[in-house]
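In what follows, structures are represented as C-alpha cells.
Okay, so chain A shows up in both of these, paired with chain B first and chain C after.
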Partner chain A sequence: MRTKRTVGVYLRYILYGLLAVSLAAYAIYFTQNPNVNDLNRFLINAILGLSIFVTLNTGLLSLANAGFMAIGAYSSAILVAKVGLPLFLSLPLAMLICGIVGLLIGLPVLRLTDVYLAISTLGFGEIVRVIIVTTPDLTGGATGANLSTGFPFERMRQTETWMLVLFLAFLIYLFYWLDRSKTGRALRAIRQNSGAAATMGINVVYYRNLAFVMSAVIAGAAGVFYAHQIGSIDNNDFRFSKAVDILSYGVLGGTTHWFGPILGAGLLTVLPVSLREVFGTSVAFFTQLPVIINGLALLLVVIFLPGGLFQPSRYRHKEMPINEAEIADDVAVSKESPPLVEGEAVGPPADALPLLELHDVTRTFGGITAVDNISFGIPQGIICGLIGPNGSGKTTLLNLITGIYHPNRGRILLSGRDITGLPPHLIAKLGIGRTYQNIRLFNDMTVLENVVVGHHARIKTNLFTTWLRLPQERRQEALARQEALGLLKRLGLLGFASQPASKLSYGDQRRVEIARALALHPALLLLDEPAAGMNDVETALLAEFILTLKRQGYTVVVIEHHIDLIMQVSNEIIVLNFGKKIAQDVPVEVQQNAQVVEAYFGQE
Partner chain B sequence: MVDASLLTNPVYLLQNLVDGLARGAVYAVFALGFTLIFGVLDIVNLAHASTFMWCAFAGWVVMSLLNMPLIVGLLASMLFGGLVAVVLEFVAFRPLRQEGAERLSPMISSIGVSIIMVSLAEAAFSAQTKKFPSGVLDPKPLYIGGTDGVRVSWGQLLIVVVSIVLMVALGYLIRRTRTGMAIRAVAYSQRAARLLGINVNRVVVITFFVGGVLAGAAGILIGLLTNNISPSMGSDIELRGLAVVILGGLGNIEGAVVGGLLLGLVETFTIAYFDQGSDYKDAIAFIILFLILLIRPNGLFGRQEANRA
Partner chain C sequence: MLEVANLSVNYGSIEAVRDISFQVPEGKIVTLIGANGAGKTTTLSSISGLLRPGRGKIIFQGQDITRWPTDQIVRAGLAQVAEGRAILSPLTVAENLELGAFVRRDRAAIRQDIDRIYGQFPRLAERRSQLAGSLSGGEQQMLAIGRALMAQPKMLLLDEPSMGLAPIIINQVFEIIRQINEQGTTVLLVEQNANKALKIADYAYVMESGRVTFQGTAEEVRSSTHVVEAFLGKG
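Here is the complex of A and B:
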C-alpha cells in the first residue's frame, strides 16, 4: 500500500513533466507554424472531457460519448447543410436531440448495475455508426458527410477559436456552481455510496439519468463544433477508439474536479502533436507511440493514482473558520418539517396510531427465511430495542423497513400509510432515517458535507436556482449548513466539521451517521449497532443522547449487542431468533422471558 | 425485402443452418472466456478481444512463418492465449483486487491494456490483413447430398468439432474436478473461499488461463471462418461477444453457448434472406443486446436479480 502511494507520487510527477515538455515542444512548433487547428482540437477535447466527467463523477462508466458526439455532429451537419440553419441555431437543436436520445437510452439502462451500462453504451456507439452507414440519403452513408454527398460545408469551417473558448468558459461556470449545489452533492454522494445516498432521500435513478443526459448534451455540442471545424465528417471519426480517448481525458486528468478532464484533454492532445514533430511518421512504432502511452497511462493511473492526476484536496477550501453565530440550534430549513427544539417534549398524541406497523412481513433469500412472518407495532415517541443472536434477522428487518429489500409477503405501514414496496429514497422522505452496521459515510466528503447531504430532500433548490444564482439558492444552502453545524454541535463533532469523514475514529464516524440521519428530520430513527466500536464513555454519552432524542419526540429503534445500553434506554424490546419474533415486552419482562434466555444461552 | 424463391428452397435453408452454426460456434467459444471471467471475478475483461487478436497472429506466425500444421498452430495459439491472460491478471487486475478499489477500475485498466495490445499489433504487423497459408486445410469442401446439396468446408467441420470438445472440456473442468469446485467457490464468494483454505489468487490465475485458452482457440477458429487476420479483428468480435454474454446472462456458461449459436444463426439468416442484409448484420448484435436489457436484464437464462441500482 505504501509503495503503491509512492509510485503514485512519482507517476504524477512524470505525467506533469510530460505535459510540461510537450507543451514546450508544442509552443516551439506553434511559433514556427502558427495554425489554430491543434488549439481548436484541444478545446473540443476539453469539452468532451467535461462530458465524461459528469458521468464518472457520478460513478457511471459510460462509453456512449463518441456516439453522442456523432449524433451532435450529424444533426448539425444536416441542419446547416440541408435545412440551411445557421450554426448558432443548429447547436442548441443538436444538443436537444442528444438530450432526448440520452434520456431514451439512459432510462432502461441506468436502472441496472454499472457493468450493463458500460456494455450497452459500448453497443450504443456502434448502433449509431450502423445507422449512419445504412442511411446514405440522410447522412451521406459510408462515404461520410462531405461535398460529394451534398454537404457543402467543407469550405465553411465555421468553428472559431473564440466560440470554443466561450463555450468552454460557459461550461466551467456551470460546473463550478454545480459542484457547490444540492445536485452536485447528490451526484458525488451517489458515486461514493449509492445505497447510503438513497436512504438520505436522494433519488438515485433520477440523478443518474440527469448526469447521463447532461453528459450526452455536452458531447453533442462537442460534436457540433467538431463537424464545423473539420468541414467533413465520417462514421469512422466516432469509433470505439474515440470513446476510449474521451474516457482517458477523464480518468487520466481526474474524476473529482472539473479541471481534471481539461488537464487530461490537454495532455492527450498536445503529447501526440509534439511526438509527431519529434519522431516524424516514418517508423510504425513511433506513430503508435501516443496510443501506447495513452494505454499505459490509463493502466498506471487506475492502479497507482485512483482519482486521476488533478485531485485538489477537497477539504482545503472548506477549512474555513466556523462562526459560532452561524450554528443553528433550532432553525429548520423548511417550515413544514418539525424543528429540532432542544429539550422540549413533544409527547405522542392521545389517539396515536402506532408510528410503524409490520403485518406478517416475510422475506426469503433462496431457501433461507431471513424474516419470518413478523408483526409488531411501535407507538410514537418510544425507544424500541431490537435484539437477537447473530443472524436472527435484525438488519434484514431494517433493510425491509427502509425499502432496500422488499418483503415477499406482508405489509409495512408508517403512520397508517402503506410503504411496502416503495423505493428507499421515498421512504426516507416520508420520515425514516437510519444508520448502518457497517458504516456507510461518504468518505471523500467532509463531516459537514455528509450531514448537509442528509438535508437533501428539504433543500428547496434546483439547477435553475443554482446556475442563475437566485437568492433562494444562497439562503437554502446557508440554512442547511447552519442546521448541519447545529447537529454536529449536539453530537460533539463540531471540531471535525471540515475533516474528511474517513479520517475519523470508528465511534466518531458512527455519530456522524446519526447526525446525517437526523438531518432528514425523521419521524422514526433506526440505529443499527450505534455503539459498536465505541468505548464505555462514548457508549454512556450515546445512551444519554438517545434519551434526549426521545424527550424531543423522536421514535427510535436501536439494534445493539450492548445489553446494558438496550436496558437503559428502551421502553420496549423486540427479540428475534431465526427470523421469528420471540418476544415483545418491557425490558424487565424480556429479561425474565424463558424463550429469550434460551435463545441467548441455550437450553438448560 | 425477403426473396420468396429462397424461402422455399430447403437446401438453401440447410446450407445457412450449417454456416450459421459454424459462425455461432466461434462466437460461443469467444464468449465463454468472457463470461467465465465475469462469472468468477465480476470483471468485464475488455482486453479479452485483444488477447483473441494476438492469438490469431500467434497462430499465423506458427503456421505461416514456421510452416507448422494446423493442430500445432491451434495448440500454440491456445497456450499463448492462456499465458497472455495470466500476464493480464498480474498486470491489470490483481493490483486492483483490494479493498477500497472502485468497482469500475478493472474495466478501465483492461481498456488501457487493450489499446496497448492493439497498437503494438499495428506496429508489429501493420494494419494490413494476414491469411493462414492455404495448405493448412483441404480447400475442397464436403458435400452432403451430392454437389447440389449442402456444402460443408473442412474449416467449418473443424470449428464445430473443436468447439464441442472445448465446451465439453470446460463443463468437465468446472463441474467434475477439484479445481472446478474451487473456481465455483471463488465465484460464489472470494472471502468464503479464502476462509475455507482455497488459494484464491491461484484459482484466479487458473481462471484467467482457461479464459485465455478459449480466446486462443477462438482466434484460430475465426481465422478458419473468415481467413482474415488483422489488428482490428478484436473490436469486431468484442461487441458480439458482449451481446452473446448478455443474451445468455452475464457469467452463465450454458447461456453463452446457446447465445453464441443463436447470434451466429440470426446473423447468417439475415444476410441470406434480406436485401442489404450484410449492412444490417452488424446491428443485430446490438439490437439483441438492447432488447434483452429492456425485457430480461438477466439474460434469457438468468434467474438472479440483476436490478441492484
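Here is the complex of A and C:
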C-alpha cells in the first residue's frame, strides 16, 4: 500500500511528461504538415470524454456512449445529406433525438447499478448497431453511410476545427458552473452515498436520469461532428471497443473533475499520433506500439492511481478563505430568523396535535420481526429518547420513519399527513432530518460542502439559473454557504470547514452529520447515537446543544446508549425490546420500570 | 511487550500525532484516553500497520514492526478491533468468526473458541447463520470484538469497544476484556468511556492534540484534577 502510493506519484510525473513530449512532437509535426484531422479527432474525443464524465461523476458505470454517438452521427448524416438541412440545424436536432432516446432507455435501465448497468448499456449499443445494419434504405446498412449509399461527401465533410473548439469551450463553461451548483453537488453526493443523498431531499432517480440524458446528448453531439469530420460513417465505428475507448478517457484521466477525461482523451489520442510520426508506419511493431503503450498506461493507472491521473484537491476553500463577516450568526438554527428562501413558511406553532404518529407499525425481515406492532405519538417541541438493547429495532424504526424501509403493516403520520410508503427524499422535504449510526458523510467533500448539500431541498435554483448566471443563483448559493458556516460555528466545527470530512475524528464526524441534518430545517430531527465516539465532556456539550434545539422549537428523537444524556435531555422516553415497545414514560418512571431495568440497564 | 518510541504521524500537512512514546508491559491492560481528534485512533492504526508513521519506532516483542504490512503484524500476534466495526457484511456471523482465525491452523481449538465467544455473546449465537450486514450496530460491534479474539492474539488493540452498546452489554464487554487479560492477553485499549476504561486498566496515557500530556497508574490518572476536568466530567 505504501509503495503503491509512491509508484503512483512517479507514474503521474511520467504520464504528464509523456503527454508534454507527445504534445511537443505533435506541434513540430503540425508546423511541418498542417493537417487538422488529428487535432479534430482529439477535440471530438474530448467531447466524448465529457459525456462519460457526467455519468461516472454520478456513480453510473454506463457504456451507452458509443450507442448515443452512433445515433447522433446517423441522425445528422441523414438530416444533412438526405433531407438537406444545414449542419448547424442538424446538431441540435440530433442532440434532441439522443436526449429523448436517453430518457426512454434511462428510465428502466437506471434501476440497475455497477456491472449490471454496464452490461445492459453495452447491450443498448449493440441494439443500435443492429438497427443500423437492418435499415439499409435509411442508413446505408452494413456498408455504411457513404457515396455508394447516396450520402454525398460534399455535404458530409463540414466539421471545422473552430466549431469543435467553440463547442468544447461551451461545454467547459457548462461543466464549470455545474460543478459549483446545487445540481452538481447533488450528482457528486449521489456518487458518494446515494442513501444519505436521498435523506437530504435529493431525488436520486431524477438526478441519475438527468445525468444519463446529459451524457447521451453530449455523446450525440460528438457523433454529429464525427460523421462530418470523416465524411462517411460505418456501424463498425461504434462497436463495443469504442465504448471502452470512451470509458478509458475517464478511467485514465480521472472522474472527479471535468478536466480529467479531457486530459485522458488528450493522452490517448495525441500519444499514438506522435509515435506514428516519430517511428513511421513501415515497421509493423511500431504500428502496434501505441496500442501497447495505451493499454499499459491504462493498466498502471488503474493499479497505482485509482481515480485517475487528474485528481485536484476538492478543498478549494483554501483559495476561498472564510470571512468572519460571512458567517450567518445563529441564522440556521434559530427558527425566528429569516428563512433562506424568500417567502418560505416558518415552522408551525406548537399545538396539541402530535407531530409524528405511528399506528401499529410492523416490519419483518425474513422470519425476524424487527419492529412489532409499534404505536406512539410524539408531540411538537419535545425531545424523545429512544432506548433499548442492541438489536431491539431502534435503527429499523428510524429507517421506517424516514422511508428507507416501508412497513409491512401500519401507518406513519407527520403533522397528520400520511407519509407511509413515501420515498426518503420526499419525507426529507416534508421536514424529517436524520443522522446515521454508521456515519454516512460525503467523504470526498469538505465539511462545509457536506452541510451545503444538506441545504439542497431549500435552495431554489435550477440548471437555467446556474448556466445563465442569474442573480438568484449567486444569492441562494451565498446564503446557503453563510447558513452552513453558521451551523458549523454553532457545533464548534468552523475550524474544520475546509477539511475533507473523512479526515475528522469519529465524534467530530457525528457533529458534521447533525449540522448537515439541521440544514434541512427539519420539523423533526432524528439522531441515531449522536454521542457514540464522544467522551463525557463532549457528550455533556452535545446534551446542551440538543436542549438549545428544543428551546428553538425543534422536535428531536434521540437514540443513545449514553444514559446520562438521555435522562438529561428527554421529556419522554420510549423503550424497545425485541421489536416491541415495552415502555413510554417520563425519564424518572422509565428508570424505575422493572422490565426496563432487566432488559436494558442490567444490575449494577 | 510493545514499545512506541517518538512516533509522529502526519495527514498531509496536519500533524495528528507528535512525538509520542509509551509502553505496554506484558500481561497488562494499558489505556489511551483523550478527547476526539487527540490522535488515539491514528496511534492505533500506526501500530497495526494501517497507517505509515512519519517518524519513530514501534517495537513488538523485541522486533521492529514499524514498516511491516498489517497481515504480518497480525501473524506476529497483534490483533486490532477497529473503530467503526469493519465487519464483512456479505458473510454470516459464523464465517466472520472463522475468518478471524485465518492465521491459525488448529481446527479443534478454533471450534472451541467460537463456542466460547457464543457463550460470551449469546446474541451472536442466536444469529450465527445470519448475514453480518443485517445485524444491528451494537451486534456488529460484538462480532468485531469476537472476531479479533479468534486470532488468539498475544496482544489485542481495542478501539472504542463500548461504542454503540447498551449499558448492560458495556459491562459485559469490559468484563470480557478483563477475562481475556487474565488468560494472558495483553491489551491496549482506546476508549471514550474513560471511567470504565480506568476501572480495568493498570496504566493510562492521556493524549491531547497529538501529544501524551499525562501518564500514570489508572489510580493516579483518576485522581488527577487536570484529567478529571478535561475528560471525566462530573460523573
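Of note:
The definition used in the following text is that the second predicted complex is superposed on the first by the 549 of 604 C-alpha atoms of A that agree within 3 Å, B and C clash if a C-alpha of one lies under 4 Å from a C-alpha of the other, contacts with A are read in each partner's own complex, and residues count from 1 in each chain.
Definition applied: a residue touches a chain if its C-beta (ideal position, glycine included) is under 8 Å from a C-beta of that chain, and two chains touch if they have at least 3 such contacts.
All values derive from a computational prediction rather than experimental measurement.
Shared-chain residue A:Ala583: touches no atom of chain B or chain C. By the touch criterion defined above, A:Val556 lies against neither chain B nor chain C after alignment on the C-alpha atoms of chain A.
Shared-chain residue A:Ala480: touches no atom of chain B or chain C. Once the two complexes are overlaid on the shared chain, A:Gly507 sits against chain C while remaining clear of chain B. Legend: residue contacts after superposition of the two complexes on their common chain; A:Ile546 is shown touching neither chain B nor chain C.
Legend: residue contacts after superposition of the two complexes on their common chain; A:Leu309 is shown touching neither chain B nor chain C. Touched residues of chain A, counted separately for chain B and chain C, are more numerous for B. With both structures placed on the common chain, the touch criterion links A:Asn390 to chain C but leaves chain B unconnected. Within chain A, not a single residue is touched by chain B in the first complex and by chain C in the second. By the touch rule above, chain C contacts chain A in their complex via residues 11, 14, 33-37, 41, 52, 67, 69, 83-85, 123, 134-139, 141-142, 160, 163-171, 192-195, 230-233, 235.
The residues of chain A lying in touch with chain C in their complex are 1-2, 365, 387-392, 394-396, 437-439, 503-508, 529, 532-540, 561, 563-564, 599-602, 604. Within the complex formed with chain B, the chain A residues making contact are 4, 59, 61, 108-116, 118-120, 122-124, 126-127, 130-131, 133-134, 194, 204-205, 208, 239-241, 244, 247, 251, 284-285, 287-288, 291-292, 294-299, 302-303, 306. Put simply, chain B touches chain A in their complex at residues 38, 44, 91-92, 95-96, 101-105, 107-109, 111-116, 118-120, 122-124, 126, 235, 239, 242-243, 246, 250, 276, 279-280, 282-283, 285-287, 289-290, 293-294, 297, 306-309.
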